[in-house]
Amino acid sequence: EEPPVIAAAADLQFALTEIAERFTQETGRTVRLSFGSSGNFHRQIREGGPFEMYLSADESYVLDLAKEGLTRDEGALYAVGRIVLIVPPGSPLKADGSLKDLAAALEAGSVKKFAIANPEHAPYGRAARGALKAAGLWDKIKDKLVLGENVSQAAQFATSGSAQGGIIAYSLALSPKVSALGKYDLIPAEGHDPLRQRAVLTKKAGETAKAFYSFVQTPDARAAFKRYGFVLPEEK
Amino acid sequence: MDWTALRLSLTLGLWTIAILLPIGIVVGQWLAWGRFRGKALAEAMLALPLVLPPTVLGYYLLVSLGAHSPLGQAFESLFGQGLVFSFSGLVVASVLVNLPFAIQPMQRAFEAIPSEVREAAACCGMSRWRMLIHIDLPLAWPGILTAMVLSFTHTLGEFGVVLMVGGSIPGETKTIAVAIYDRVQAFDDGAAGTMAALLLALSFATIGVSYALTNRRQGR
Amino acid sequence: MDWTALRLSLTLGLWTIAILLPIGIVVGQWLAWGRFRGKALAEAMLALPLVLPPTVLGYYLLVSLGAHSPLGQAFESLFGQGLVFSFSGLVVASVLVNLPFAIQPMQRAFEAIPSEVREAAACCGMSRWRMLIHIDLPLAWPGILTAMVLSFTHTLGEFGVVLMVGGSIPGETKTIAVAIYDRVQAFDDGAAGTMAALLLALSFATIGVSYALTNRRQGR
Amino acid sequence: MSGELKVSLHQTGPIPLKLDFACQPGEVLALFGPSGSGKSTVLRAIAGLYQPEEGRVSCAEACWQDSARSIFLKPQQRQVGLVFQNYALFPHMTALGNVMAAMGHLPQSERGKRAANLLSRMGLMNEAQDRRPSALSGGQQQRVAVARALARDPQVLLLDEPFSALDALRKNELLPFIAKLAREVKIPVIYVSHAMDEVLRLADTLVLLEQGRVAASGPLEEVLSDIRLKPLTGRYDAGSVMHAVIEGHDEAYQLTHLNLKDGTRLKVGRVDAPKGSQVRLRIHARDVGLALTPPWDISIQNILPCMVAEISQSESHLADVLLKTGENGEGSPLWSQVTRFSVAQLGLRPSSRVYAMIKAMSIARSDLAELS
Amino acid sequence: MSGELKVSLHQTGPIPLKLDFACQPGEVLALFGPSGSGKSTVLRAIAGLYQPEEGRVSCAEACWQDSARSIFLKPQQRQVGLVFQNYALFPHMTALGNVMAAMGHLPQSERGKRAANLLSRMGLMNEAQDRRPSALSGGQQQRVAVARALARDPQVLLLDEPFSALDALRKNELLPFIAKLAREVKIPVIYVSHAMDEVLRLADTLVLLEQGRVAASGPLEEVLSDIRLKPLTGRYDAGSVMHAVIEGHDEAYQLTHLNLKDGTRLKVGRVDAPKGSQVRLRIHARDVGLALTPPWDISIQNILPCMVAEISQSESHLADVLLKTGENGEGSPLWSQVTRFSVAQLGLRPSSRVYAMIKAMSIARSDLAELS
């Protein structure tokens, strides 16, 4: 039997890789991880994709699939994402999660470009838009936005030096490579809709996938998620 | 370094040009020498796979080759395996996407063969097949090589369609392009850089050698 | 229908081929007729932009054209505006990415001009410039057209590099390809389908007409 | 197996064509006519490279084209050897490769040797055989083209000005080769040339084309003897063609004695054929001088008693005098071209008795073609 | 302003070249030699399309190439008109467009008319002028190539077998045109041809090439009179070239009376030149018969008393007899070719007195070239 393919949102790159390694150590079974856009996986599963488990960055995708009867159940929340404001070195902005400094800088006109993920389809983009709207900055910053296809690209924009800052996933900001490229500060979770991330077993799930699904919900795994910047569902 | 992905990409590239070579020759010759109404439209049609963003094209392919589509079902009942999310699906997608790169340069190359040379070959009693081997292919060779190089390199770098149709399954549909992309997305510039450099070096060497051989053969 | 994005894409496509046309002609002729060591390597080098996945190439461009890069700084001090996240940056990126499509078919087309015809032109006293206008371009025209069509359509559909370098700013760097992609990602298949269909129809018409005109001119 | 080639082509445009002719195996038919009269087009139509509106082409029993029955065989199925006017060599192959490419019908192992052989026959030696056409001179390319046409072992040989780029010496070597080949292999040969001397040496039959129409056709001797066709046959003015039998050879002086049908004897340069062979002589009208009494002590060897049959005066300084050989004009017709002044001076009139003087060497070797 | 063309080319390989020659303005220099001897290569080197290892080419005051001084001008800077052996027409332009393309030096408005004019001179009429090369016959293409070479108003005209694909009639129209042009425009003309009759009509000087080396060169008459060069000049065997003055015309019989330098008189067909003009005659050796006593009542009009200077016997049936005109051999040299049998029969020896018989019409019009 080939190891099952697990479709996972791109923001789980670091966390899930570690969890999968641990899973292999403990159970002797392996899984194949495929990271990508949650939306793409959603379509692929609908088109008969061979994924046995699906970890989406946006729970609505999972619920959709559940409605269509392509999953075993509605799955389980495994994490809630947080967002941060990140500023690269040399930026006039301060890393201030309350976005007050951003407001001032916008007034001063020192912000030329500001990176977020595309709110039309990326969950972290929607959260960023929510936070900016809550801070009353959306209309002022709208014309200065550069939009990443996903949050990773938004982070690349934000740290490229060509933008003065951006809003990205906490999980990304925590990774050593990104944190070296700029300072960041958590944006209060109250400002935006929660980024509820849901995992589910598809109808194709086999024994290993089922085991992995359970493993992802063990305290060990949860600790790993936490370490990589995810809030655990209970903590909400 | 993700060797599996690299091997997969090279295999995919080779399969793609292996399939495109005969298609390009047949369609290229047909467009070069055929006289029919709507030829310009046929030529234009062939450029269209390029117009759509790869991911979108990939999505349309996913739907039209997928398990619910007649094509996908036919393939599944024949080979017991779906077309999408499999290496075969990648090959099909890759071939479709690269059609313009393969056909157009070949068409031009065939057009450039002086008609009297082909007439002379016919008067030498060469069958269509011998003419192809001894006249058409050698004379159109630089154009065919260009077609192959463009298709091969484009397949190596192709990413949107491959990701969509293939689903990035390690060892099966996760090509080196996807692997590099993943590394870049993960801010793992080091690994991405290594893979990119190796891929570039490898392609550079392969293409350089084919061009060098062709240049020598042409006696230039 | 995102008309702004469509206009932007067409403008980008036209700029790209407008810049690539002279580059392709100069480099294509140089590769076709020049005799120098390492020609095969130069040819291979030109295929390399295709090898990397577009997003990755875009990322490298983002870094090397960005505000911290010498190139980006030079451009900024000259034009008071950065190269990335701007239309100019898109044009630069687009030109780079399409180099192989522009140069290789042109090179082959120039190679196919019989040397005696160019010798005769020289003996008719044609200056280099008149020779270009009256001999080289007309005779290489089908290949040049292929180069232009491949570059133009590829620019329309290009998405990875454009997104990375441009940042999807509506009216400035959000091309129709990005718009269609966004609609697909947002599960708005209807809008995506409409835009895709329109884009395809438009490209089909443009390319069809150019091929038809060329075919007629060539008297085929 | 080869056989008679029958050609009938008719169309009004874009290239007007209106012609019917046939060519027997072993026969060399010359297609002659001004530039643009359609000679190459006719050859292309026979080879299957051009399809006129209406046409019938057949070779031996095989029908190659019949527009009435919608038959049109491809060039590959016609087994013709065609030398293109512009050679049309394969630019990527060596001279040897070009010739071998036409040997698809032979086993691989024989091709190289036969091709090298053919090329040597054409005077293209080893070193040049391995060069591509672009590194060969015009005449060398032309010879490769001829070798390639022969390499196919064709049932019909079509030669479009095959020696136009060759010097006289080479031509003198190759023309007899073609003539011999046609006779030995017994295939119809159609020969297009602007050089009347080539036509004279090779052809049996002449088809004169003018704007795609046959202006005249028939045995070479008849057409060329027809003074009215002079504007078409060009400055190689009329002459006479005679059949003769070799009576013997004079080895010491390298002469051959010939007997005309009427018993008249002629001396010509040594002909390489056994006693008793039939030969064909062409005697240029302008090489025939006239005398009223048999001249003696002159270098002109052939002095034939003749009777004047007809005198046609022109506006120029020349007059054409038709003679009949023999004391009483009972022999073959013989044309003489002299000045009008001489006609007056000698008082020539029809039925005058004269002596025709033909220099032995004016029957040039090249005009001396053997008959079967 | 044009001037003398001086050419000196030397290299050992890959195409061996070793030649020096010069060509004056108004002079037609024929380059003659077997296929592959390097004729086209020489023209290409003069035009700047081929660069031999060592070479000097200069025209008038301008140095076009000097390998010693590393000078090598591009073809564009040389102002030559070159007719390529294979035409090399521009395939995408009509015949007219091809010719106009060489008229960069003329104002746009004049080009069309002049080009049409040139093409008409070449016998290519309106309808054909608007066709592309692919829709023209071989000979028509060749004429376009000649028109194009002339269109540039060149300082040097280089013609590589420019009429090889033309029928005799057309050639007869075009050869005098070229000859006249060379003289009127006063430019050096280099003419490559395998057809000796063309060379005879056009050329003043002959350069014989053999494997890239000059085997002989000099005034046409000298080189052609040299019997040792027969293997190179081909079957157009030796002949004599004489200078003569027109003494008068016989309008009734359309004859022209000529006076040789030594006072001998000759009759030839009407020459279109006024009394007193100098003309050049070429008399083929094989057209000269010999007699011991002056023949009478014969059609041969020109009977010249001569003395035998030299007899060279060959292995064939022929002997070459060098005569000197005049009772005591005080005049010009005249070659006669007779059978060895005749030499024996007439008992010819050096210093024998003989009469040379030259048929009036054997001085063919085409061999009669005017001198300046």
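Letters A, B, C, D and E mark the chains as written, and numbering starts fresh at 1 in each.
Definition applied: a residue touches a chain if its C-beta (ideal position, glycine included) is under 8 Å from a C-beta of that chain, and two chains touch if they have at least 3 such contacts.
Just so it is clear, the model here is predicted, and its values are computed rather than measured.
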Subject >> Touch-network distance, subunit A to subunit D, counted in steps >> reply: 2
Original post:
Looking at the contacts, which chains touch subunit A and subunit E alike?
Top reply: C
Original post:
Of the other chains, whose C-alpha centre is the longest way from the centre of subunit C?
Top reply: D
**OP:** Express in whole angstrom the distance between the two chain centres, defined as the mean CA positions of subunit B and subunit D.
**Re:** 57
**OP:** Compute the distance, rounded to whole Å, between the mean C-alpha positions of subunit D and subunit E.
**Re:** 26
Original post:
Between subunit A and subunit C, what's the gap in Å when you average each chain's C-alpha atoms?
Top reply: 35
Original post:
Which residues of subunit A are in contact with two or more other chains?
Top reply: 40, 153, 156
Original post:
Residues of subunit D touching 2+ other chains?
Top reply: 86
Original post:
Out of subunit C, which residues touch more than one other chain, so two or more?
Top reply: 55, 59, 181
**OP:** Could you list each pair of chains that touch one another?
**Re:** A-B, A-C, B-C, B-D, C-E, D-E
**OP:** Would you mind writing out the residues of subunit C in touch with subunit B in their complex?
**Re:** 35, 39-41, 43-45, 47-48, 50-57, 59-60, 100-101, 104-105, 107-109, 111-112, 142-143, 146, 149-150, 153-154, 156-160, 177-178, 180-181, 184, 192, 196, 199-200, 203-205, 207-209, 211-212, 215, 220
**OP:** Enumerate the contact residues on subunit D facing subunit E in the complex.
**Re:** 14, 33-36, 38-41, 85-86, 128, 136-140, 142-143, 160-161, 164-170, 172, 194-196, 231, 234-236, 250, 253-255, 267, 269-270, 286-287, 289-293, 295, 297-301, 315-318, 336-344, 346, 357, 359-362, 364, 366
**OP:** Over in the complex, which subunit D residues touch subunit B? Could you list them?
**Re:** 47-49, 74-76, 79-82, 84, 86, 88-93, 101-102, 104-105, 132, 148-149, 151-152
**OP:** Note which residues of subunit A are touching subunit B in the complex, please.
**Re:** 5, 7, 10, 13-14, 32-36, 40, 43-44, 47-51, 150, 152-153, 155-156, 172, 175, 177-178, 181
Original post:
For subunit B, which residues count as touching subunit D in their complex?
Top reply: 114, 116-117, 119-127, 130, 134-135, 138-139, 218-219
